[in-house]
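Should a chain be cited, it is by its letter among A, B, C and D, assigned in written order, with residues numbered from 1 in that chain.
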Amino acid sequence: MKLLEYQGKAVFAEAGITVPASRLVTVEPGGTKQALRERTAEAARELSAEGADGADGAEGAEGNRHGVVVKAQVTTGGRGKAGLIKTAGSPEEAGEAAEAILSRDATVRALLVEEMVSIERELYLSISVDAPSARFLILASASGGVEIETLALEAPETVKRVEVDPFFGLQAYQSRGLAFDLGLSGDTAKQFAKVVGALYEVFRSRDAELAEINPLFVTSSGRLVAGDSKLIIDDNSLDRQKEFEVTREQFGTETEYAAALEGIPYVQFEGDISLMCAGAGLTTTVYDLVQFEGGTVANYLEFGGPNYRKARRAMELCLENQSKVILIVTFGTIARADVMAEGIVEAIAELKPDRPIVTCIRGTNEESATQTLRDAGIEPLLDTEEAVRTAVAIAKGERQ
Amino acid sequence: MSIFVDETTPIVLQGATGSEGSFWAKHMIELGSNVVSAVTPGKEGQELHGVPVYHSVRRAQAVNEAEAAMLFVPPRFARDAVFEALDAGIRRVVTIADGIPLQDQVQIRAAARAAGAQVVGGNTSGVISPGKSMLGMFPYWIERVYRPGTVGIMTRSGSLTNEVTAWVVAAGFGVSTLVGVGGDLVPGSRFAEFLPAYEADDDSEAVVIVGELGGSMEEEVAELVARGEFTKPVVAFLGGRTAPSGTRMGHAGAIATGSSGTVAAKVAALEKAGALVADRPRRVGELLRSVAA
Amino acid sequence: MKLLEYQGKAVFAEAGITVPASRLVTVEPGGTKQALRERTAEAARELSAEGADGADGAEGAEGNRHGVVVKAQVTTGGRGKAGLIKTAGSPEEAGEAAEAILSRDATVRALLVEEMVSIERELYLSISVDAPSARFLILASASGGVEIETLALEAPETVKRVEVDPFFGLQAYQSRGLAFDLGLSGDTAKQFAKVVGALYEVFRSRDAELAEINPLFVTSSGRLVAGDSKLIIDDNSLDRQKEFEVTREQFGTETEYAAALEGIPYVQFEGDISLMCAGAGLTTTVYDLVQFEGGTVANYLEFGGPNYRKARRAMELCLENQSKVILIVTFGTIARADVMAEGIVEAIAELKPDRPIVTCIRGTNEESATQTLRDAGIEPLLDTEEAVRTAVAIAKGERQ
Amino acid sequence: MSIFVDETTPIVLQGATGSEGSFWAKHMIELGSNVVSAVTPGKEGQELHGVPVYHSVRRAQAVNEAEAAMLFVPPRFARDAVFEALDAGIRRVVTIADGIPLQDQVQIRAAARAAGAQVVGGNTSGVISPGKSMLGMFPYWIERVYRPGTVGIMTRSGSLTNEVTAWVVAAGFGVSTLVGVGGDLVPGSRFAEFLPAYEADDDSEAVVIVGELGGSMEEEVAELVARGEFTKPVVAFLGGRTAPSGTRMGHAGAIATGSSGTVAAKVAALEKAGALVADRPRRVGELLRSVAA
């Protein structure tokens, strides 16, 4: 689960990492532009007031008394380039910024209005997993603000790494050493080491896949402040991470949100063919084959594993798309072919889909599955490539 | 001979008294797997398909010493069960659990490395040497997919493995040992770590890799091939060639992050090393024919 | 630091280990026997009342409604044999038990009055450190209530052990396996595994040297209840274990308490010679040599290491004894001989000790030390055995 | 040659820029110790007695590679400093800190074992090969106590070591290498773990053990002697023969628990193995004369 910036920052602040003072402005569905402008301006005004009397010392850093940043709360990257982050010198400008952001992306559901921090320099810090070594991997750079991949390519010598043994845990010498390796010194080095320790605690205690602060500001008064947050919680750990809930604002579309609530892996695209396939590997492969055949994908949906009995729900999700055909490809072992075929037949009977369905269902009890489909009037295919070609031809209108 | 497991390898089952575990335990035994014990806390004294059940792996080991452990425990108990197997001296472990927390997987792999053990999984179908032994869940009854033969297969996938293996068989080959390292971000064991065994295995004339975007396991194979440490023919199929960068499709760890982890990079590394790469499952069979009898 | 039973039980209860309902009765210095009887009886009465209406469900186990146990809170072992634990069938009997205990040992400063638990069987459980393997060591036995050393000798097959890697930590399979290895089953096995986990948490989080529950009762209604607690906190960890304070009641004598507050290792004996020596090894060796020469020791005191500048305080502690001579033996490196000699000379000048002092001070700057002592009119010895013989002779009145 | 450290062993100092560390660092260098770097976070660029100071052990190692680390850090930072040394590849570490938390010591020893390293201490004076090198704090300037020679010494004590060594010297011998394993309940390294090195050391003709009640380190020595794995003469002195059972005297881990850990048991084990046991320090010299030239 990718947390939104403000959610991640709340976790950071709780762990003792300083974040800018802020207000969250939610975008009411159906609300007027005027209302949004006003609420954003009000948030900016409150922040300025706090900055003026310094009341927000607990979580706030020193701010520019009037300047704020308005940031769209979406989980996609590249918000700056996409025009989803704007600075504002006054509450009125903040309101205008909010409106401008929404005009860029109407799916935005929340805005974070933050005090503007006086920035001396920007660092990079992240913690993730290094699979080959089975270590937690801390990456840091004295040149923050850009993507770590870009940094690693353009200035590899600036990217420092520390590997943490999962049983030993992070040691003080490692955080300290990283600070010195970045060229930090004195109090900045000490603060940095503390942030590393706190972020590691966040990473471990929240079962994160990634905990990233980029940029990590060094303010002109020498404080370290998290300029952004990227916190991805491991989906496999959500049953022991009760604190985090799947919320609508984490998703671009209602369908993605609905699929996530259902536990069905689902990604929305803009093409013609709805994939409803079993297994990540096979689904990805079918995606490739569709592309090879000149087709386009409307959605990726994994119908298999724990979801192989959810044919109806999976098909419903596919039908919410503007796809032209649903392509079902499976080759299951536990996800029995006969059960899947029965589910599909039932789903068709109930949902009466408005578009053709191509099936290629193999695996355990595949003979029975084939019979079930035939009995329901579907002509089952048994070769993946043939099924893909058929679906592409239908999508192109070359056949029905 | 085979790799990892053959008909002589004594096996202990952990968490196999539940309905699904019991179902697959029965199939394992039917296929020839030498299951000597089962472990379910609280059920010592019972039997499972004629196999004695013990409270703990240590207690089982004291009676019937197993060399491999097959875990049917749920994801959130997988770490504990793997640690228990390792602590009892077992050095080959398969855990099929789909959904093991990432940081548990990191600890599982770290513990395995520290112990000098191979843990296969999670999120895998397991390991099968068709006709000899099986650790996990494979539709070995589908003859057109699982037939004994001379091709070693390593895979990160489940359904896709069936798809690819079917093409291997269709091309006239069979499988020596198939190892499903699993689809998790941090599998307990990695492709390259099995290559020495395949190299030494008389039954394996070539190896097929079923990979996908994300991670670096395919590049590690390329490295061993390039260094001449693995000399048998390698044929790879990789899913996710056209996946949009940065999009995470599925829960299987298929994350493409920038330039590294892309299928393009993997294909380049493998081909440079001299491996053959199929662009679609069907091609795996064709390429195998070009390099093996 | 050896915690008293009630202190250890408070920690156990916080960790979720069930302990009997109880009341602490402190022994007021100078209080009357009558007052102690009454307060003890009142405590027993309160417990009975709670047992009757079941109000104490949070920390209490099911009790005999009227029976209580009165237990002297001292850190020495063998309380039962020493008559420091007594059962009572009524509040009045409880008062009499308190009086009887104090008549056995007048140094007792606190009594724990506990509900009497209906016992089905007694187990043993402890966690300590195994130095050679560098593991935490859990020992358990289905035969509790006796010393583990006795158990290990008389019924070694009943003592089960689990080694815990300090980095991996205790794993669920280990606690569970231990329960089954003890022959426990069903809910008792589950409860036992939970107690093991909780005691391990106590052991680790409190920096314990030893965490022991002996006996660990299985009550007739199947609950696991800690019958006693033995919790020794590592003295080297006290600066990160702020929760624990050195208290008077942990010590048999005022002098031992005073020494502990000062950080001076001190043990009280009943003999003639006060040892004031540097280093645990050398002090222990001098103790041996005194015995070899037919002498007896009044107190063991380590005057060295971090305390080598505390000659005055060390000598004061020795003078609180009824010893006949003070024997000072050192052979220091950092604990410089000259500094120690100067301290001793000053201490003598200030305290004007009423008994002879024998010195054998060697090590860094020993020539200067020798001169300092001579200048003060002391004839310094330089051979340990000679010093011991001299002290023994003085103690026996054979010389001055 | 010597064991653990000689005049060629490059040494890095950790936490030696404080007053006490600096004092002993100077003595170390005077005695011949090959100190190549010092590490104190925040002080990189400074010098300590002509030795360059670095922020971290890794940074120091990148310039001057040390093989041994000498730690003058306070007890509560000892674990971190030891881990830092081990992580930087150093396999011989001495920590003198007196008062390391017990559970930290357990982790220090466990980490050392996992890394295949020897950590000496805490609560020790360190290691000295008189006339060659010193890691720690010994009054080597007292000729009647520390004179080069052919007797290896291992000890759990501080002051008592000076006492015993004085008798070794008084008997006409000198010291090859003295290893203070330290007085803690869980020392980083144990007596028996140095015996192979003493066995191989041409400079050591005999070994003296200065032990005490509590623990099992003396019994472990007896076991190696009994098994014939250590063949040179062993003379032991053990403090605490008359200590009341169950009484804890001092903070040095001298806990006698029941039958095991008593001096009587240790003496019995050592004598049965063929070692000589002195009942008082003076006897150590006499016994040495009976077995060594």
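Everything below uses one rule, namely that a residue touches a chain if its C-beta (ideal position, glycine included) is under 8 Å from a C-beta of that chain, and two chains touch if they have at least 3 such contacts.
Computed from a predicted model, the values in this text were never measured in an experiment.
Per-chain CA centroids place chain A at a distance of 29 Å from chain B. Our note on geometry: chain B versus chain C, Cα centroid distance of 55 Å, whole angstroms.
Shared contact sites, meaning residues of chain A that touch two or more other chains, fall at 165, 167-168. Annotation for chain D: residues touching 2 or more other chains are 111. Viewed as a contact network, the protein chains fit none of the simple shapes, being neither a path, a ring, a star nor fully connected. Chains touching one another form the pairs A-B, A-C, A-D, B-C, C-D. Residues of chain B that touch chain A in their complex: 20, 75-76, 98-103, 106-107, 109-111, 113, 125, 137-139, 141-142, 155-163, 166, 183, 185-187, 190, 210, 212-213, 215-216, 220, 239-244, 246-252, 254, 257-260, 279-282. Touching chain D in their complex are the following residues of chain C: 77, 129, 131-132, 134-136, 147, 149-150, 153, 165-167, 204, 207, 209, 234-237, 239-240, 265, 267, 269, 277-285, 287-289, 291-292, 300, 302, 304-306, 330-335, 362-364, 366, 384-385. Contact residues on chain C toward chain B in their complex (touch as defined above): 168, 171-174, 176-177, 180-181, 185-186, 189.
Across the interface of their complex, chain C is touched by residues 165, 167-168 of chain A. Residue ranges of chain B in contact with chain C, taken from their complex: 41-42, 44, 55-59, 77, 80-81, 83-84, 87, 111.
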